[in-house]
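You will see two complexes here that share chain A, one where it goes with chain B and one where it goes with chain C.
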Partner chain A sequence: MTKKQRALGLLIVLFPFVAFFVSLSIGVVHIPLDGVLKSLLSPIFPSLKQGLPENYLGIVLGVRLPRLLLALLAGAGLSVSGASLQALSKNPLVNEYILGISSGAAFGASLSIVIFRQSFPPQISAFVFAVAAVMIVLLISRNSDSPIVSLLLTGIIVSAFFSALLSLVEFFASPYALQGLFYWLMGNLGWPGWGALSISLPLTAVGTAGLILMRWRMNVLSMSDEEARSLGVNIRREKLMVIFLATLVTAAVTSVAGIIGWVGLIVPHLVRMMVGVDNRRVVPLSAAMGAGYLILADDLARGLASSFEIPVGIFTSLIGIPFFILLLRKSKRIWL
Partner chain B sequence: MKKRLFVLVFPALLAGLASPSVLSTAQSGDLTVKDSLDRTVVIPAKVKRIVSIQSEITRLIVALGAGDDLVGIDYTMRLHDHLFKHIYPEESRLPLVSMAENNVNLETVVSLKPDIIFASPFERQIVDAIQRKTRIPVVALASLGDVSKLADEMRLVGRILGRERRAEELSAYFTGAVGLVRERLKDVPRDKRPRVYMSFWGFLTRTPIHYDPVEIAAGLNLAEKIIPDVLGSVGTMVKIEQIILWDPDLILVHGNYLPKERTVTVESVLKDSRLASLSSVRSKRVFYTFGFWNWWDIAEVLLETEYLAHLFHPDRFPEFDLGRRGDAIYKKFYGLDDGFAKLSAILRCDEWVHD
Partner chain C sequence: MSIWVKDLRFDYRNFSLHIQNLRFEAAKLTSIVGPNGAGKTTLLKCLCAILPIARDSLFLDRRDIALLSAEERARLIAYVPQEHSSAFNYAVQDFVLMGRAAYVSLFSTPSAADVEIALEALEYVGLRRYAARPYFELSSGERRLVLIARALAQKSDILILDEPTSFLDPKHETELMDLARRLAVEKKKTVLVTLHNLDMAVKYSDVIVFMKKGGVVAGGSPDDILTEPLLESVYEIKMNILRHDGRKFIVK
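Our next item is the complex of A and B:
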């Protein structure tokens, strides 16, 4: 690891922390830094509430904090999932949604929004169908001679199938339900409250931590199967574990934030371009970079327009793709 | 996909729509009209068989007393409209000719031999294609939330269907009642007009950027024109922080959803801890209103305008009673004694006004 790579790695680690605390001060309502800090600490030290304007607590604790925590963990989780699946499949084009998770989640949400209404919340329905889509992919591709190719192809097929089901539900949906679904599919970090996050965030954190802990094995899994076996690795078990954790993370994020594209594809590549291809560094740094990246994208989503809000999924693509193209042209190669 | 596109395109329609009008009448009696897409359409003198895949126009046709001339309607009207089966019980005999409004089964349409098709002004190419393939004149109309256009639309449809007198009677009733509200409230100074936030279309943060009934009822829409006019949108997503910053005097929640469909309710707004600092929440000034639903229903628009006028300025409309006035308006437009009572039972309007 060169000196430059080390410095870049340190910057990447600091990026989400700086972004998180700076972003707590960003919003339509101007809240000075001491107001933000007092509001944050007030649940522990109730005396700090004294003298604070009434709406500060609601904005910092009820609006900004859950949103930023979700951005932090969702960005980290999606990026780590993407990096892990790319290493596992030895394919740089793989992303966290390749196994049908997004289509499954979208279909699940559509069933809830259009048919079941409040009796089956979209978050739960999206999670259930995201996991179901991956299970179907795994079941279909389990006995193939070339498991990874089969896995990716099956993922594409299952995605297409759930997309068709989604179109069918959309076709029969009432105009109201269709609008709700449309906005859900665009991705938004601002809607989930503490109730939804209390389930989603721990699942995302556990899955992300699990993948980071497996970073040593990713290097082995990205070798050929024969090489990996010769090193004494139980390939099937390890791969299933990576897929399980990536699914858990992506489904947990998608179920509350909708589909936020490109994070898991772009971020790991950016990290590889900066610090090299060793997964022991790429996986944890992808978490840091992804967290900061999604916070930044969300800052733009809620900061660019003064009053109205633009879905964050639009910005993850708008920022990431040109930046990615720029780096790609500079480095003239795809890293894996 | 087309339907998803509709959701995108629909808000952008308002800015680009033309004002429909009659251009000329031929000696044969054929009528030449300009529709909302600025298309020139020639309509036969006698229109006796109508296909309507535009909900707003379907309701107007029934109000004009031409319901029996309908020979085909769309899926949305049958399955998603709250009141249509009550205002026009014979609707069950009508074949469905489209699923989503532009997914028209052209063979079914042709087999019904209509003299005219009323459609929504989504996209000129689609409307032109329907006309070209069926060889039946297609008129694309929508008022899109503009109260004055709604009255004009009533007259134009009346002219096309040869029901000018009834159309004149209803549009005069509508314009007169709206004018009365305006007249009673015209001297309300700006600082006495309630600053209103509307949570519409199933989201706390989704709101119309212009809403005629609020403006006529002398309320101030806090989200008025927060998106540049050039984008032509009717609604947008705002930030929760922006709602907190606005601190509205009153919050209106879209009540045209069936109670089981409502994802935002008066209760959920009142209980939302993020909104606890709002004066409207603390004083429980959170109410349902009808809201733009599956295009407009002319009777409902009038009722909503008067309801909001009473809600915003009770001292100027002390005599208003939602149930009684609703029944009178629905009787006028649809000839039903219990039209509003039925709608009220479906939407539970009796629970809307609370202290």
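Our next item is the complex of A and C:
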């Protein structure tokens, strides 16, 4: 690792902390940074409450903190899943969207929300259909002569299939439910309620942590199957493990925040450009970069208009894609 | 550690491998030669369990290879493929470190000791200075050496090389076979190599095994078994054996 890579790595680690802190002050009500700090520390040091405007505590701790926590974990989780799936499929173009996981999860969650009125937890429904989607993709593309092309192609097809199923659910939804569903599907981090969060946040955290622990294994899994097997990897078991964890994370995030696109593709690539391809660095730093990235995107969603919120999923795509194209064109050498 | 192949069968759609009885001795370099499609690579891939094998057909000393776990097998047998391709361009050192996969548990990362073993392996093949270079910046000869270093990091008794000299110039070809020879002599490894260059096989091997149409035709030391009729029956063209300085040379 060069000195430059080390420095960039450090910056990536600091990024989500700075973004998190600054974002607590941004919103309809602007709160100066010292106000943010005092509000954050007030549960530990009650004396700090004196002199703070009454509404600060409620806004910082009650409204913005949970939302930013969700953004943090969702961004970290989606990015780590993306990095892992890219290593696993030996294909840097893959993400949870392309493998059909997002569409499967979106269909599953909406099925639960619209048809079963949440009597069946949307997280579980999202997970089941996400697993179904990714398994179909992997089974169809398994024994192909050109694995990369066939993986992308089947991914697109299976995604389209689950999107059609989703349209069917939308068709049968009441106009009121449809509006909510539509807004949720575009990806937003608005308050889903503690009930949903108490399931989704732990699942996201556990899945992300598991993938980060497997970070070196991702290097070995990114070798051809023959090589990995001769190196002593039980490929079937370990691949299923990674897919299980990545799908768990994506389903947990999608069921509370809808489809937040492109994070899982763009963030790991940015990280690779900065620190190289070793997954021991790429996977954990993707978590940090993804967390910061989604927090900033959510700032735009919350802050651009004062009377309404724009779904954050629109921004992750609108910022991410041009930024990615710019980097693609600027970087002369290939970073992979 | 020696390898015993006992009644091994493997069937593809239009090809079947069947070897009744074959032994590979420890601390020796054995070359497997024969025309294209003779089943050399299939045999190697069976030995590494890259291809699924039946029980009671392959043994390491007394242990049945089919019953070993993936980790156990990788600690005993290392496989060097003809080439490696990947979308990710790892640094040479990180690449060699992957040879430690059988020793590092699923949820952890290699220790300092593992890194040291990887660097020693690079040192042994003479490429320590390239540790930080990206793999795909190396020449094809150097890449072969890195693949061998990765196999050495597995610390296995058995080393299997699939056509290690194909596409190499004479200098790199010689260096690579010298290295394979040293591994058998110095490190007492059981080294198996598939080769097309018969002169290389004669010069470097303790034992040569001739294969044809999925079976073994002959096996033994080059001095004992190499005859013009054998070559002609295996390769189906006329070949002459010339002697010079006490060595045999093959002229087509």
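Here is the rule we go by: the second predicted complex is superposed on the first by the 263 of 336 C-alpha atoms of A that agree within 3 Å, B and C clash if a C-alpha of one lies under 4 Å from a C-alpha of the other, contacts with A are read in each partner's own complex, and residues count from 1 in each chain.
Basically, contacts are C-beta pairs under 8 Å (C-beta built on N, C-alpha and C of every residue); 3 or more make two chains touch, one makes a residue touch a chain.
Everything numeric here is computed off the predicted structure, so don't read it as measured data.
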> Sharing chain A, do chain B and chain C clash or fit in the superposition?
Replying inline: fit
>> Output check: A:179 vs chain B and chain C. Expected answer is one of first, second, both, neither. What do you get?
In response: first
>> Is A:213 touching anything from chain B or chain C once the two structures are fitted on A? First, second, both or neither.
In response: second
>> Quick one: is A:238 in contact with chain B, with chain C, with both, or with neither? Answer first, second, both or neither.
In response: second
>> Taking the superposition on A as described, I'd like to know which of chain B and chain C A:226 touches: first, second, both or neither.
In response: second
> In the superposed arrangement, which partner chain does A:45 touch: chain B (first), chain C (second), both, or neither?
Replying inline: neither
> Who does A:278 touch here: chain B (first), chain C (second), both, or neither?
Replying inline: second
> Once you lay one complex on the other using chain A, what is the shortest C-alpha distance from chain B to chain C, in Å?
Replying inline: 37
>> For the complex, give me every residue of chain A touching chain C.
In response: 87, 90-92, 210, 213-217, 219-220, 222-224, 226-234, 238, 241, 276-278, 280, 334, 336
> Which residues of chain B touch chain A in their complex?
Replying inline: 1, 3-4, 6-8, 76, 79-80, 99-100, 103, 201-203, 205-206, 223, 226-227, 236-242, 244-245, 257, 260-261, 263, 273-277, 293-294
> Which of the residues in chain A come into contact with chain B in the complex?
Replying inline: 27-29, 54-55, 58-59, 62-64, 117-118, 167, 170-180, 182-183, 190-191, 193, 302, 306-311
> Can you list the residues on chain C that touch chain A in the complex?
Replying inline: 45, 48-50, 69-71, 73-75, 77-79, 81, 84-91, 94, 97-99, 101-102, 104, 106-110, 150, 154
